[in-house]
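In the two complexes below, chain A is the common chain; its partner is chain B in one and chain C in the other.
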Partner chain A sequence: MSNTARGGVRARNVIFRIKRCEGPGKPSRWEAFKVPVEPNANVISCLNWIAANPVTIDGRQTTPVVWDSNCLEEVCGACTMVINGRVRQSCSCLIDEYAPNEGDTITLEPMSKFPVVRDLWVDRQRLFWGLRKVKAWVPIDGTYSLGEGPRETPDHQHDRYVMSTCMSCGCCLDACPQYHKEEDEGKWDRSFVGAAVVNQARLFNEHGTGRVLKPERLDALMGPGGLDACGKAENCVKVCPKNIPLVESIAAVNRAITIHGFKRIFSGK
Partner chain B sequence: MDNGQGFVQRNYFLLRRLHSLTGVVPIGAFMLIHLTTNSSILWGAINGRAHAATPIGRGVETFQDEVSFINGMPLLLLIEALVLWLPIAFHGILGVVFALGASNNVARYGYQGNKRYMLQRLTGYLGFAFILYHVATLRWGWEWLTPANTAWSHYFATSTLAAALKGDGGQWTVPGIIVSLGYFIGVSALVFHFANGLLTASITWGIAVSQRARQRWGYLCTGIGAVVMLLGWSALAGFVFLVDHDEAHQIERRMVELKYGPEFLKEIEREHLHRPGMEAAAIRRAAEVPYPGPAPVIRE
Partner chain C sequence: MSTSQRVIIVGGGLAGLAAAVRIAEAGVPVDLFSMVPVKRSHSVCAQGGINACNEVARQQGYSEYQHFDETIYGGDFLADQGPVLEMCNWAPKIIQLLDRMGVPFNRTAEGRHDLRLFGGSLFKRTHFSGATTGQQLLYALDEQTRRYESEGKISKYEFWEFLAPVTVGEGEERRCVGIVAQDMRTMQIRSFRGDAVVMATGGCGLIFGKSTNSVICTGGAASRCYQAGAWYANGEMIQVHPTAIPGADKCRLMSESARGEGGRVWVPRQKGDKRPPRQIPDSERWYFLEEKYPAYGNLVPRDIATREIFDVCVNEGMGIDGGNMVYLDLTHKDPAYLTEKLGGIMEIYEKFVGVDPRHEPMKIFPAVHYTMGGMWTTFTPGSYQPSQPAGAHKSGDRPPVGTEVGVGMAYGAPNNMMTNIRGLYAFGEVNFAYHGATRLGANALLSCIFDGLYNGVSVVNYIQQEAPSQHPAEKLKADAYEAAAAAEKAKVDRLLATVGKGSADRAFNPYVIAQEMGDEMTAASTVVKTGPRLQQCLSKLAELKERYTRVRLGDAAGWTNQTLSFTRAVGDMLILAEVIARCGLLREESRGSHKRLDFPDRDDTRFLKTSVAEFVPGTGQPRIFWRDVQTNLVKLRARTYGKVEAGEGRKQPEAVASAS
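Take a look at the complex of A and B:
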């Protein structure tokens, strides 16, 4: 009988240290759980086990740990959390890579830049608010049919495709040293929107129909909380699970803003 | 908080772009020229128009010539204020404000880009302190902050600089070691800051967009940084390790004498020697040393 898999990893016990919080504004505390893991387990399957056995490592009964998840295949972004100090999706985080030996520890924390709803579950509203701020959509609402859309070349489509794979997970914001936690909704307008939003602005600026809103998007990104708050740390592009060329998007939108800014100066608008 | 941030927030785009621009021109461009001038203490050795017997003597001549040229420029104070002090104050103060708004996370995300981001801010702070000390001691006359109360004089550019860096008569002193080390750190920090700033400026303005273009621009910035670093280090090494204070002082006296006449030389020497705390003995001693080699060149 063999319970080894993938490079000889065996079923074993792994310690999960989890940063817990009862709700918004409540203090947080650490709790540890000892979880028997099967080969090929991931963080979500271990969280499921903890939910069914909410007993800490020193035998104390506690509440089940709360987290958010949906697709379980790294396309929705809901399960994003900070694992061993770095932000990533928990559904695609394999225990065999993070804790190959008996007694290894994995640390789970909620994302650091968004308000905690409970335990590992955060509220990423501000990201979606940012998408609205830059009008990250193609405007087609109206009273009559607009007919066929413009043609796309395969090359252009290829370039834009990768930008469109963003799942608004917020990794790029959590790792950005220029993006700060802001619980007060009234201040979002003057706080940095972050790389994900800039990338979406570029995606729709380069869309045949979406480009009619380009001046408005650039105006929004020139104002307070716009792209000028970026400090070029380039963490965003490193942590993006979709390998979106975020710094390229930042530079491209900056170029558009440079041109847009000069045009505005000379047209007096 | 809101009121203090109001102005910066409303004009964020303009301020940020002006900050980036001033970093490159005029400040960065000036630093390039400044370090080229200063390193003439070394490359002056191959200056065909210099006549001193020793290579470093020719460096002293060349450097003196450059300094005299700059100090002979019309409206120097106005140019300095508009092209240097104002932009540096603007870039520096705004730079500190921006840098304070960073939440560094290199410990968690130790990527190269993140380290450069952190270093850009650290070298900004260091550079700010260094520039303040540098300008205050050598330009605004805060002699009491130098190792031996040396007042830098553009008539005796090399010898007074060596003394301001090392101490009395260009001899090593303990405060001199600290000041020289400070110069090494300050210059290195600012050169890094400039080179990395060139790299990030290409993102700020959207000049190099694609990954490949930014990589190529990065290599170029590294090259530029290495060359400027070499200029800065060689200037410092020249003044700190290679210059002979007394020889330099003699060459400078001779150049003043040839250009403005012996009366003028006596006058400025008297002025210098009577400054309180000046390294009078060292200068008197240097003035006794026989003149080394043929007469130096003088620009008209």
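Take a look at the complex of A and C:
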């Protein structure tokens, strides 16, 4: 019961070149696999095939490739990797589009700005750490029944919803020239937090209750590792799989920081 | 209370996070374990919405009580009724709490919550956030969890896999005092002490191979608790969602909200009609759900829609191009409206199929979706104990009971959603409560959050009032913890020792075994079942179990060994698969999602009962027994959804002899 909506593409063999690494500090190497693909295959179904048939193109037995994944619907962000040189989710990467012909090659590499755990699996804890740094939450008074939240217009809800679809995949960070790989957790605080985190700061600054922490969020983004580091390359917005207006978010937070800075000067705090 | 008491929560989806927040708020430190960063949990896949009575519906005659009545009827009376009543009564409070946490629920012009229709109800009572409601709810709870984490009240163990509960004592006195877990990166195995353990590990869709579930939804954690003595209930109750996009790696859900927003399911009236769908005029389309169910139309509950689609395609051969596919059509709606209300699923269809569903009808087919059965749990009934059960509730009638806290299930009772092992709780999809034999759409998010919030209090009361208050886990002897960890290490050593040894035959490849299990379970134990086919399925499972004893790993790495984790799960999935098939065989009736062709009717005399499986350590087989369902609140009635038999206006499709 294959879905043949794309049509016209036949079963064929596709070559996968995969950058592999046994673990932190280990050298990386390339391995190639010849994978028979059916119409509507995606990178995940091909990696699954390799797991069940871990033999390289030269007939050498190897280990199954390690990668991170979960929902396979491009809504959890886990399976992000660099495919043919561009960072994206592997689940939504359809082989019919990337390798329509017999013998076409697809290259898979781990994300470049995060420490490799093994093969295509990277450690993105720094991204979640960034969300703590900017207090990306609404400080509610607890879970007791206290009535409704703030009312908002449909337009406002729409803007917040788009920002809130960020799945912390890290594409925007991987593509950012100012976001650097940093394995030492002690140095995260002084390295650029990146667009995803700035966007979350804006999301919560925009919420009726969330805005009470706005001064603290802006403080966190004023110093080292904050928005000064942004070089306005605008790569972030080009690779965001959810089309979140990241450049707008950065501009909005920048404006807020300017105003916040003046306020601090005049209030003498 | 000893301030050193702690609670362990396994699983960071909606149920786990809601429990973590509630328990941390009560001042009890929480250790939260998850195989993925909690923000990537399977709850993100939920699309359509969350049900709750609201002011508009209320003024139209709806009530929390009617939501309860719909849920019981939808579940074909198999759910214990008290907890369902409590859940539906709490629903509006849950919406308000999520609202305060900042969930961007869709809004009306006036800035109030917009609502949509969903299956099993004639009232708009589903709150939603685009078509990624689960994602938005999970994020809200993830954010609150992060807040408590930054205050040191919640400690996260992400990329840790649960391996086994640690228990002390025997029989009635047996209680859970911790877990054994493994770091999926370093592969370190160790035990953790906890005064109570909450399992919130979701469903087991991967047992069926391709499903709408996420990669981690193997049921492995539930199976490990079952093998440690926790009962597993109504395993045969698996929901097959009517509308999914079949794919090479999984089946992607097309939310019921597509029908809630006006989507129509149809096939060409002319068998084998090759015309593109938009060239087929309305009069030549067979809207079979609308025809058969005039009242609910496309919004009949999922098991019914699934069986009708299956029947149209498999039995009548009326699927698109004679295949297993029907149209789900939204092209009569304004494209901008669809983007606003259903953007998330429009995007999924576009990205994965390459066709814009705003302009072209979607092609869909049913897929395994939700696990109604699960770990058996108990509860303390609430204060509402009518002298006799109420009849079917009619909208506008005064509900027989109010919405005061505790009418359905006693608030804070330590045993609420506790398994048969004391101190071991099961919250969310992993338990068997709330949904009976079919879950209504948009009730899953509700039941998960309800469990965490309402029954999180029960966990706190248990550790403060019962055995753990006298004998906190921290003070227990190390033996039980050491023995449990050693047993898991031995299991791993056995599996790793198979690398490079024995036959390289594909029959002993764990991925091949898993695939065969998925194919077999999908064929024998989903939409329609028969006794002989389930027998055959059990034989196949026995064969796979035998092959599994000689399974051979392809990776010996002592670092981030996913093959090891997967292979271990396959063994646990086979054990749970046997429970699902065996209970399906023994339940000789049709009820909700469980359709036996050889026993087509509901049999309340024999089977208005919960099937309970207990693992027998010696044989590895389940011992199955039946327990009464709490049915003293609502009277049994036939579950028909107003179906009309083939009649006026319906063109009879030609009979087809072949059925696959």
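In this text, the second predicted complex is superposed on the first by the 256 of 269 C-alpha atoms of A that agree within 3 Å, B and C clash if a C-alpha of one lies under 4 Å from a C-alpha of the other, contacts with A are read in each partner's own complex, and residues count from 1 in each chain.
Assume a residue touches a chain if its C-beta (ideal position, glycine included) is under 8 Å from a C-beta of that chain, and two chains touch if they have at least 3 such contacts.
Source: prediction; values computed, not measured.
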### Query
After the match on chain A, would you call chain B and chain C a fit or a clash?
fit
### Message
According to the stated criteria, A:142 is in contact with first (chain B), second (chain C), both, or neither; which is it?
### Response
second
### Message
Which partner chains sit in contact with A:234 here, chain B, chain C, both or neither? Use first/second/both/neither.
### Response
first
### Query
Touching A:85, do we find chain B (first), chain C (second), both, or neither?
first
#### Entry: Touched partner set for A:193, first chain B, second chain C, both or neither
neither
### Task
Using the touch definition from the top, say if A:120 reaches chain B (first), chain C (second), both or neither.
neither
### Query
From the CA centre of chain A, what is the angle out to the CA centres of chain B and chain C, nearest 10°?
160
### Message
In the overlaid three-chain picture, which partner chain does A:256 touch, first (chain B) or second (chain C), both, or neither?
### Response
first
### Message
Once the two complexes are aligned on chain A, which partner has more residues of chain A within touching range, chain B or chain C?
### Response
C
### Task
Report for A:18: first if it touches chain B alone, second if chain C alone, otherwise both or neither.
neither
### Query
Once both complexes sit on top of each other, what is the least C-alpha distance from chain B to chain C, rounded to whole angstrom?
20
### Query
In their shared complex, at which residues does chain C touch chain A?
21-22, 25, 36-37, 39-42, 44-45, 93, 96-97, 99-102, 104-109, 111-112, 114, 129-130, 132, 135-136, 139-140, 143-144, 146-147, 149-150, 158, 185, 214-216, 245-250, 252-253, 323-325, 340, 344, 348, 351-355, 363, 365, 453, 509, 511-512, 515, 554-555, 557, 559-560, 562-563
### Message
Give the list of chain A residues in touch with chain C in this complex.
### Response
1-3, 5-6, 22-23, 38, 40-42, 44-45, 48, 51-52, 54, 61, 63-64, 66, 69-78, 91-92, 94, 96-97, 117-118, 121, 124-125, 128, 131-132, 135-140, 142-143, 145-149, 151-154, 156-158, 160-161, 164-165, 167-168, 204, 207, 209-210
### Contact footprint of chain B on chain A as seen in their complex
85-86, 175, 177-178, 180, 190, 222-224, 226, 228-235, 238-239, 245, 247-248, 250-258, 261
### chain B - residues contacting chain A, complex
5, 9-10, 12-13, 16-17, 98, 101-105, 108-109, 111, 113-114, 116-118, 120, 200, 202-211, 214
